[in-house]
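Same chain, two partners: chain A is paired with chain B first, then with chain C.
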Partner chain A sequence: MSEFLSQVFTTLLAILLGVGGVVGLFLGMEFLIGFLPQRLQPKVRPWAYIGPTLLIMGIYLVYPTLHTLYLSFLDERSQQFVGLKNYLWTLTSPEMHIAFRNNLLWIVLMTLFSVGLGLVIAVLVDRVSYESVAKSVIFLPMAISFVGASVIWRFVYAFKPANVPQIGLLNAIVTALDGQPLGWLVDTRVNNLALIAVGIWLQTGFCMVILSAGIKSIPREILEAARVDGASEWRIFWQVIVPMIGSTIAVVATTVIINALKAFDIVFVLTNGQRGTEVIANRMYKEMFSFLNFGRASAIAVILLLAIIPIMAANIRRFQAQEAIR
Partner chain B sequence: MARRMYWILLTATVVAGLLLSSCAPQTVTVTVPVEKQVTVERTVEVTVPVPTSRGVVTVLGVWGGSEFEAFAASVEPFTKETGIGMAFETSREQATVLVTRVQAGNPPDIAILPQPGLLVDLAKMGALVPLENIVDMDQLKKDYSQAWIDLGSYDGHLYGIWFKGALKSLVWYNPKAFQEKGYQVPTTWDEMIALSDRIVADGGTPWCIGLESGAASGWPGTDWIEDIMLRTAGPEVYDQWVNHEIPWTDSAVKRAWELFGQIARNEQYVWGGTTGVLSTNFGDSPRPLFDTPPGCYMHRQASFITGFFPEGVTAEDYDVFAFPSIDPQWGVPALGAGDVVVMLNDTPEARAFIQYLASPRPHEIWAARGGFISPHRGVDPNAYPDELTRKQAQILASAEVFRFDGSDLMPAAVGAGSFWTGVMDYVGGKDLDAVLQAIEKSAQDAYK
Partner chain C sequence: MNGIRRILARFPLHLAVIVICLIWLTPTVGLLVSSFRHKDAVFATGWWTVFRIPMDFAQFRLDNYIQVLTAQGMGRAFLNSLTIAIPSTIIPITIAAFAGYAFAWMEFPGRQVLFVIVVGLLVVPLQMTLIPLLRLYNRVGLAGTFLGIWLAHTGYGLPFAVYLLRNFFGGLPKDLFEAAYLDGASPLTAFTRLALPLSVPSLASLGIFQFLWVWNDLLVALIYLGGTEKVAPLTLKLSAMVQSLGQDWHLLTAAAFVSMAVPMLVFFTLQRYFVRGILAGSVKG
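Our next item is the complex of A and B:
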């Protein structure tokens, strides 16, 4: 109990220090800038605000990235230069091929379903009186960590033989309908889908909230004008709502794609990549911490980074194009 | 302006909050399962002042719950005598934490490793302190058989003292259920198969096997195959296999897998069919032994499994027989495992701690609490709480042919990687040749 209380206390302290620290930093900066001549203040202020961030990003992001790049050309103990050997392995080994295939599956299915469901729900709840309740319920999984959610779903997917009581929700339903219980996490026909379903469950709430905000920003007059002109709701959805929140959809989809590329926690907790469920990030973890092969782990990290960069770039370019129009 | 300032602050607050909350779970996994300085508090109780210079020895292990309590009790006399406390840290992801801390230059003084493979890895990294000048080698050679000393050594140096042993070549059964049906304990593989067929004919399920073990799923199958390998090919070929001097596609290796498959892939032989084998957690898997009527009749697992038996099961409900001989030429060898104590910081406290753990006393204290057998030959047999444990300890300390769990000796990419995956895939129905070729490919790459 005291252990628990001390954890609560630590958390509260961390929030207080973290938030207070940031506030204090900005107030302090503003105070210091106040001493500068009036003319210089506008020039210095942006750097004062962005400086700490740049410094922290440099230490915690840029340096490790460059170091990882360096390690990816060294052997497993980071002692000898091995050229492109780690990359060759990453691109040719059967384990990595399975991982690449699965990540593609994650990207396609998770993005399609999270964004699709999020959009449908956002449109539908926009028209009902209990909108906030419905949205809260769907948003709720976002409050659970990936690991926590995976543990919950572990119970949902639990398998027991047909002749004993089922403890897994899904197999309890299946057997209640006179079906045979299925090994959701070990049956290669369904296990990848079972894992991705957890991801969708976690991401849909996020997509819904952002898309819902987008829908709310569409001026009422436009929708009313469309209705007056006799457009069906279906047509309004496809030809008014979707184009008008296009950029929001793109941002949400990008975020989900990146999350799908980084998929790790769910796979690690539920299957650890067994039975054909390996993903890139889980393989990276295995190479790094289970097999102690720093070179390969770094090579995988670099490839993952390279895969994410174009998506990020597309996103930023789109954002800039939009700003230009505005 | 004030409004803008407000927005900046609000954004900053939210961002900081998000950052913190996203960081929190990561820190939790690494540092929360820390049992803090339990023995240090005890020192305070007996009012022995703890000199700051030689206060605490930090230990990183995988033991939690009752295992940690038993270990803490074993260390208590040491703390009382020397005034040195122990700060024991538990991590389920020990290898991860240890490697990270070694790289950060902040290793614990002592680590207790459940696998010699990690000992070799750490020794290669130069993270371990050789123990030849720290423990009395002559005494150690009396206390441990050469097999155990070799297992704690790398490249001519002794790096580890074996503390807790486990015997793996055991088949657990419910004697009452056996008696009721008139089943006899099998002494050969053929008898065991004949018994399995008879149980199936009687409408029962002979075996309970569970391969699921979270991130380590598949390992119970590796024990099966190793045990079979020792009995069909003998210890020398077993060593060659472990050291990858014969390929995985060798007929001797293939035969061991086939015999494992004869049981594990037979839908009628195993509780819940092959899906049950793949999905059932190893710790839950023996439970059907104690159902009425029994869900299964036999369960092959190491000595530790009694800790996982359901509540209410007493010593009369279970018994054990040695995993039987297959090829009479190789008899009944013992497959085992254990926990090895290694030193990462050469401090006087750590030295005293290692010396203490090499003596019989802490072994006896834990032995008396049950669920523990020691490879230490100096341990008084009467320290064990019951006949069953004593029997196992005796087999472990005296087995003529003893081999360590092979998957723990292989490079992690094989022993904790492709071997596990291979077991899961094979039981899942994948073609054996394809499975063995995949493991062979990773082995060619991992052994250098």
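Our next item is the complex of A and C:
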């Protein structure tokens, strides 16, 4: 009990110190700026305001990114220069080929199903009176951690031999339909799909919320006009709704692609990449912590970054286009 | 007559929505039900069998929760998660608020370029930063400490927070600030008395977003807190339990629900802000 109380105390103290420290920092800088000549103050103040941000982003994002790039050309213990050896391994080893194949599968299936289902659900719930309740249900998994979701689905996939009652929902359905129970996470025919299904379950809500906002921004008159002209709901969906929210679909798909590329938690908890379910991010974690091969781990990270750079460039272009019309 | 035909015509729509909702909800319901069942019952029969006699409350118990919270150490992990998540939410948002304000309303050389860099950093994969930072942490003694993980979450959360807040502040009317300066307000006053109060909903949605992100994070905790039991948050503890308890579903389901309780509470009470945050910042990597 006393341990519990001391931890509660530590928590409160930590919160106070952390928050107080940050606020104090800015007030202190503002106080010091007050001593400067009037003329200099507006020149110095912006740097005081953005200084901590630049410092922290420099230490936590810019420096490590550059350093990882450097490490990717060194050997496993970061002592000798090995040229492109790590990249050669990354691109040619069978383990990495499985990881690349699986990430491709993640990207294609998760994007297709999350965005597709999200769009269909957004259109459907737009027409019912209990829209907000239905949306909450689909959206709920967004609040759950990937680890929590993994436990939920591990239970859905639970496997028992054919002659005893199944406690996993999926195998219970299969056996009720006279099928043979399946080890969903170990059977190489289905295990990748079983993992990706968890990802789809988690991401569809996110897609639905954003796409739903897009659909609601379509002027009602346009939809009414199409209906008056006798267009079927099917045609309205494909020829009015989808084209009008095209850019929203692109943004949502980009986010899901990034998430699929970085898929880690689900695989780490459910299979740890065994039986042909390896993905890039999990492999990097293994190289780093299990095999202590920092050269290879760095090279894998760089490959991830390279895959994301086109998206980064597109984000920057989109931002600059927005700024131009502001 | 017309009413009936209308209902019949809309029947497939309702059916589709309800079926999808059921599919989405069922896995979580299964977890919740199982976490209250007796160990032997969980092993012997599927959780859906409780609905055969739904009024028989004797089949539900709290034993599993008591065991995971005390003997399995989820209670401590719960406090650790709070200790990690609250400062990891407040610190980056405070820092980002000042930076966002400067980017939106102050003139300084390099403003555009620096902000474009922030936009670029939004999608940098965490994996790029892990090895150098872990080495740095080991050297300066930050590995396995709360301070270390607060700073890490601050670093990873900053680009998104700065991006979002700069856009929110930038959207406030210019006349407002000009009027304040005419009345002799200092920049700090304009920021704290004008910009901040007007942005409370935005700050709330950003706060919820960052809080859930930190609370649900596994990778950052795994790397910088490693196997240190004393500081391990719920996600780390739960993933370790999956490895060690394997088939003890009565404990795993209860533990999973303990880890989900706070996000669910946040979700149901503050859903409006949460959705807003997601809509405003669907670009985070």
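Rule of thumb we're sticking to: the second predicted complex is superposed on the first by the 257 of 326 C-alpha atoms of A that agree within 3 Å, B and C clash if a C-alpha of one lies under 4 Å from a C-alpha of the other, contacts with A are read in each partner's own complex, and residues count from 1 in each chain.
Following the convention adopted for this analysis, contacts are C-beta pairs under 8 Å (C-beta built on N, C-alpha and C of every residue); 3 or more make two chains touch, one makes a residue touch a chain.
What you see is a predicted model, and the numbers here were worked out from it, not measured in a lab.
After overlaying the two complexes on the shared chain, residue contacts for A:Asn293 are found with chain B alone; chain C is out of touch. Looking at the shared chain after the overlay, A:Val147 reaches both chain B and chain C.
When the two complexes are overlaid on their common chain A, residue A:Val19 makes contact with chain B and with chain C alike. By the document's definition of touching, of the two partners only chain C reaches A:His67; chain B does not. Judged by the touch definition given at the top, the superposed model places A:Val186 against chain B, while chain C stays out of reach. Judged by the touch definition given at the top, the superposed model places A:Met312 against chain C, while chain B stays out of reach. In the superposition on chain A, A:Gln7 contacts both chain B and chain C. When the two structures are aligned on the shared chain, A:Leu88 is found in touch with neither chain B nor chain C. In the superposition on chain A, A:Thr271 contacts chain B only, with no contact to chain C. The partner that reaches more residues of chain A, of the two candidates chain B and chain C, is C. Contacts of chain A with chain B, set against its contacts with chain C after fitting on chain A, overlap at residues 7, 11, 14-15, 18-19, 22-23, 26, 49, 145, 147, 158, 268-269.
Across the complex, chain A meets chain C through its residues 4, 7-8, 10-11, 14-15, 18-19, 22-23, 26, 30, 42-43, 45-47, 49-50, 52-54, 56-57, 59-65, 67-68, 71, 121, 124-125, 127-128, 134, 136-148, 150-156, 158, 165-169, 172, 201, 204, 206, 209-210, 213, 251-252, 254-255, 258, 261-262, 264-265, 268-269, 281, 284-285, 288, 294, 297-298, 300-302, 304-305, 308, 311-312, 315-316, 319-320, 326. The touching residues of chain B, counted against chain A in their complex, run 8-9, 12-13, 15-17, 19-20, 24-25, 29, 32, 93, 95-96, 99, 121, 124-125, 214-218, 271-273, 275-276, 278-280, 295, 411-413, 416-417, 420-421, 424-425, 428, 438, 441-442, 445-446. In the complex of the two chains, the chain C residues touching chain A come out as 10, 13-14, 16-17, 20-21, 24-28, 30-31, 34, 42-48, 75-76, 79-80, 82-83, 86-87, 90-91, 94-96, 98-99, 101-103, 106-108, 111, 114, 116, 118-133, 146, 150-152, 154-156, 158-159, 162, 170, 187-188, 212, 215-219, 222, 234-235, 238-239, 242, 249, 252-253, 255-256, 259-260, 263-264, 266-268, 271, 274-275, 278-279, 282-285.
By the touch criterion given at the top, residues 7, 11, 14-15, 18-19, 21-23, 26, 49, 77, 89, 94-95, 145, 147, 158-161, 164, 181-183, 185-188, 268-269, 271-275, 286, 289-293 of chain A touch chain B in their complex.
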